[in-house]
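The next part holds the structures, each set out as structure tokens.
Across the two complexes that follow, chain A remains constant while its partner is chain B and subsequently chain C.
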Partner chain A sequence: MSIISSTASPLGAIAGATEPTRPRGRWSGRIKLVVGLLIVGTYVVLALLAPWLTSHDPTDQDILNALQPPSPEHPLGTDEAGRDELARLLYGARIDLPIAFLVTVLPCLLGTALGVVCGYLGGWFDAMVMRVSDLLQAFPTYILMIVLVFSLGHGVRSLLIAFTVVGWVVYARLVRTEVLRIREAGYITAAVTAGFRTPRIIVRHVLPNTLRQTLIYLTSDLVFAVTALAAFSFLGFGIQQPTPEWGAMTAAAQPYMTTNMSLTVLPGLVITVLALGFALLGDGLQDRRGAR
Partner chain B sequence: MSSGRFAFVLRRLLSLAPLLLGILLLAMLLLSLAPGDPARQVAGPRAPQSEVDAVATELGLDRPVWERYVRYVGQVLGGDLGTSFKTGQAVGGQVVEQLPITLSVAALGVLFALLVTVPLAVAAARRPDGLMDHLIRLLAVFGIGLPTFWVAIMAIRMVALPTGWFPVAGTGEGTGDFLRALVLPSSVVAVSILAPMVRSLRATMMELEDAEFVLAARTLGFGGLSLLRQFQLRNAVPSLITVTAAQAGYALFGTVVVEVAFGLPGLGQGLVVASSTQDFPLVQGYVIVFAVLVVLLYLVSDIVNAVVDPRVRITA
Partner chain C sequence: MAHHTRLAATAVAAALTASLLAACAGSDASNGSGEPVAGGTLNVLRANPFEGFEGDKQTLNSSYQISQAVIEPLIRIGEDGESLAPGLASSWRYTKGGTRLAIELDPDANFSDGSPVTADDVAFSIETWKAGPNYGASFGSIEEIEVVDEKSLVLHLSVPDTALVAFLAWGNAGVMPEDFGGRSAEEYYQDPIGAGAFTVDSWSANGEVVLEKNDDYYLEDRPYVDEVVSTFASDPNSVTLQLQSGEADMADEILPVTAATLPEGFAFQGPEHLTPVLVMNTKEAALADADVRRAIGYAIDYEAIADGALKAYGSAPEGSLPTNLENWAPPSEPYFSRDLDRAEELLAGAEAPDELDLIYPNDASSSVMAQVIQENLGEIGIEVELTSADAGTAYGAMSSGDFDLVIFSNNAITTDASDPAWYIVATNTMFSGYLTDEAISILTDYASTSDPAAKEAAITELQDLWSTEAPYIALAHTPALEGIRDVVHDAHVTPWGVYYFDTIWKSQ
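Right, the complex of A and B next:
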């Protein structure tokens, strides 16, 4: 309808307004999904095959050969400690990808569980969880995360806790709203009348219907996870050198950006493309939903 | 200001009190999770245990949590954010010194972002599904995944170093230098918050395309840019304000990263340094200041919205 109604004619506008669905979405949604899947899939494959794609150990130092330009031995050169840059980028996928997944999936699981219970049971538990989520939402997310990581010490465990403490809120609210809506649906009343017990109704009838929304949000959350994770490591709060993490690699290479530019360009580029992959996935899913 | 407006602002202000108390509680509790004994930090690693105990008593660390909380709230309300463990300076003074840099970077960043958002969203909404629309949407998807710290470093490497127009680190001397030093960091902050703003404004304007008053305007002969500007854009302003406020909160985090990358002595860099040196009162002070900034930001956006759009006062 958009083509018709964007012309100035009043007739066109009225005709457009009565047309129920927008034809856009389905096509571009599919393209986005495919490209997104291709990008993310490539990263997963590269992460899995890293040991076979390079013969170098990503943490092997060789100070005498630091900051070397690309050579047959080191296709992308070496970093400030003489480590092979290609190996570090490849093995970085084994650090950033799984951690990004973990810090996204854990809050999702916690939030979904809380959202279902809150929405289905209501009462004081619901009220309490919602007040806590109000407080957390009023807090600036990143500052809260920095403080949590600071308080709990560096490393993956702290990142996990920080992302979970902050991240569950959106999922809980999302799922709770869906559950409240679904609760009134005929098939739930039918299930209750049929005498099914509450846990079974939640798992078999309520949860599957909240999945689509959650999945869309989860995918866009991955974009955030990938960039935030690297940002935390860049600031020195996350994963530390010599572990091959893209954000930490960028920070370590910053002093050498005039002489060895690729050391700062490449890790960021690798993060950007991965984030783009997740963004396309999320967008594609959203478009397809819109087209239905 | 009408009485309805006044009541709304008053209600909104009152709702801040429990929130601020919660922020103080969280700030205190979170830092008590931190490893290491604050008293030992102050007394020094080789001080005898008796001295550590004395410091703990002096700092009130041996009192129960609720008592410390009440004391802390009183202290903060009195304008005292405590004393740095490392430098012995008042946390408040340090924060006040660094606040202008952070606020300038964030505010300029939001301003730059708005200046780009509106024309882009209008251009996209002009012909939905047209070439411009697709291009702008693609850019927005791309922009969401750009790591801010990397954009900052690229800005230094590709713009500041080759042109020499902007300082690579620090703020220089005098107002002119200061403003010049802000251009690149603010632009990077703008890039970090831009994409969701463009997407949201574009989407809102397209939704309004089907609104009755837009149809009415069309039948009256409005069309093209004037229809977009006078009807769709104007009615998208409240939602733009809300999104901008949310993104401004994000911009504050962006400034942390940007200040570190550009070596600007603002709150963000201060927080990172204080964290790495385990300076508890300083970290606590920064946390409170950042949280209060975000709370104030949302307050201002709600009030502005209530002034711009009368419907908010009724439904809120």
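Right, the complex of A and C next:
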């Protein structure tokens, strides 16, 4: 057995740092990335093709045919209001995916902008933003979001506000830390010495170098967004019936768990697999970055 | 009177609670026959929190049911669920044209501490009920209480009030010892002593209420069970599993969806009585016009609600008031039924709202009802946004007037048709903001006569008023549904879903 294979030993670890772990990290990262992309891509395709994959309107009631078992007409049966379950699951992707993307991107944009400015300029603005972020982080995330959504009323607008108010903090801290490192780099010193204006240095030289880490975190944050959205709708704070939203569908089906378990399990499964897809995507990106 | 009302979530649930057994038809939920057997613990699942023992603060059937087991009212509801029966008051009679009510107390009636129930205790209790901000008005006709001797008294009434005896059977109008037995009201309600079949071992609003047998109970051989344990369980799946496993003996106010999942023989269905309603805020400009409200009434698909949302445990409404009560009578014109042409005709001459918010209790039946209404109103051009809410939030929105539409529910808590009507009046026509003067006048006429035909005419007049003005629309009439295992006998469930624990016995 060679020293290289003995990764548990310090010597092995040292050896692994130079050669063997690179390809393993790269390959496992690549597999995760591919699987994650496949899962998320499948959801996107299903969302886009929903009108062609089912002839049913996801909100059309047929109350006298509620809770029907699977049939050729309704391959996954009908829900408590007689709506086609397959159509609701497919159209649910058109609701959950864009909202999950929005509630992740908005705090990302806000947090990144604040993080860059704080990290590069420092001073009183940096101190103020960091204290506000300390304050927000002192509250449990879910509790704070529930309070916000409850105060603002249910619906997409409230969710966007709640996710943005709570979510920007991590992005700001992440980017700020990166910027603090980057601003000491030689090329930044060179840019300053060359007399470039601060906005240009930030936009052209600092920001691009923080994006990789931000993108990795954003992908992981999508996992939180997907599950949190479902949780809010499940608790009645999010999107309301009859909109085909997976969390709301799970909640509405809960009373029928002993008789129509699939109505609860299927939306739950759809949420879980999508979250897994985003998690693999984030992990894959992280692994590949580490491998580099 | 909140009794009549409870939040649709519950009320509807309860109301909706219908179950299947023809064998259990009527109000007698007995299983088989035989001689009662003493002993055992009765494990009951209640659908709502317990609001404590202070009657004036109770609004839920689960609270009345527990409360009356400890602090028993003067008069009982008969086993048929339709008549009044002697209780602590062994007899009563009206004199002087209905302006005097003479009451004789049962000579054996004692409080659970062994002291006798006296006319002074009853007088104190009546004064306490009258002083209640919520239900006090129901006893407003009592001008003076004359204590004749230790076991008899006469109530002097300001006007003839033949409906009063029904109110004396309310589960939250319990007889308490004079001056709360020397304690403060707060101390008393925390650990009450009453003349009921049980005493309080322990209680919590959202957990278990444990009642122990009162050995001094005045009714011979009662209660049969040694202990009642009432546990709050609102999840239909949990209720089903606990009943099936034998962990629970009974489940109150079960939903149709629960009833449908229970094995044959486990569910009891009473007569249709509970009435889920759609309340409209007449103070909102969009709903101020009666034509708009009536148009909404004609747009609703009542058959879809009864057959779909209520799983056929219920039927289309016959009037504004809950059915199967003494002196109930229908409106003179047929009640609302789905008629889209008529709805559009009414809206054509009115300023129709484009969008309304509908708050509904977050139970399975109300959720489907709300979605049916949403689709129905969409057909006449009114977009409805749905908001689910827990019982407290929905009630808060209603009582503060912060709503457009709410699904609520109405039921009696005693046998008389005026009982739910008085609740409607007391709540400003179910919180709709619609004026109540005319209704009060009709109800006063109702109370002042003992002629059944005149009483029915008054109820018809009331139904006509609320059909024409439509401050709220009845959505269905549904039976009380009770989950009952076959070891439970002689549970005499009233149309509104309440029963006495003391009549129940369990097979050993």
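Convention: the second predicted complex is superposed on the first by the 269 of 292 C-alpha atoms of A that agree within 3 Å, B and C clash if a C-alpha of one lies under 4 Å from a C-alpha of the other, contacts with A are read in each partner's own complex, and residues count from 1 in each chain.
FYI, contacts are C-beta pairs under 8 Å (C-beta built on N, C-alpha and C of every residue); 3 or more make two chains touch, one makes a residue touch a chain.
Nothing here was measured: the structure is a model prediction, and the numbers come from that model.
Once the two complexes are laid over each other on the shared chain, residue contacts for A:Ile99 go to neither chain B nor chain C. Looking at the shared chain after the overlay, A:Leu135 reaches chain B, while chain C stays out of its contact range. A count of residues in chain A touched by chain B and by chain C gives the higher number to B. Look at A:Val206: by the touch rule set out above, it reaches neither chain B nor chain C.
With both structures placed on the common chain, the touch criterion links A:Glu80 to chain C but leaves chain B unconnected. In the superposition on chain A, A:Gln240 makes contact with chain C only, while chain B stays out of contact range. When the shared chain is aligned, no partner comes close enough to touch A:Leu174: not chain B, not chain C. Contacts of A:Thr259 after superposition: chain C is touched, whereas chain B is not reached.
After overlaying the two complexes on the shared chain, residue contacts for A:Thr272 are found with chain B alone; chain C is out of touch.
Overlap of the chain B and chain C interfaces on chain A comprises residues 236, 254, 257-258. Those residues of chain C whose C-beta lies close enough to touch chain A in the complex are 235-237, 240-241, 255, 257-258, 260-261, 301, 304, 307-309, 362-364, 367-368, 370-372, 374-375, 385-389. If you check the complex, the residues on chain B that touch chain A are 19, 22-23, 26-27, 30-31, 33-35, 126-129, 134, 141-142, 144-151, 153-154, 156-157, 161, 206, 209-210, 214-215, 218-219, 221-224, 227, 249-250, 252-253, 256-257, 260-261, 271-272, 275-276, 283, 286-287, 290-291, 293-295, 298. Note for the complex: chain A touches chain C at residues 61, 63-64, 66, 80-82, 154, 236, 240-242, 252, 254-259. Here chain A touches chain B in the complex through residues 2-3, 5-10, 13-14, 16-17, 24, 28, 32, 135, 138-144, 146-148, 150-153, 223, 226-227, 230-231, 234-237, 247, 250-251, 254, 257-258, 261, 264-265, 267-269, 271-272, 274-276, 278-280, 283, going by the rule given at the top.
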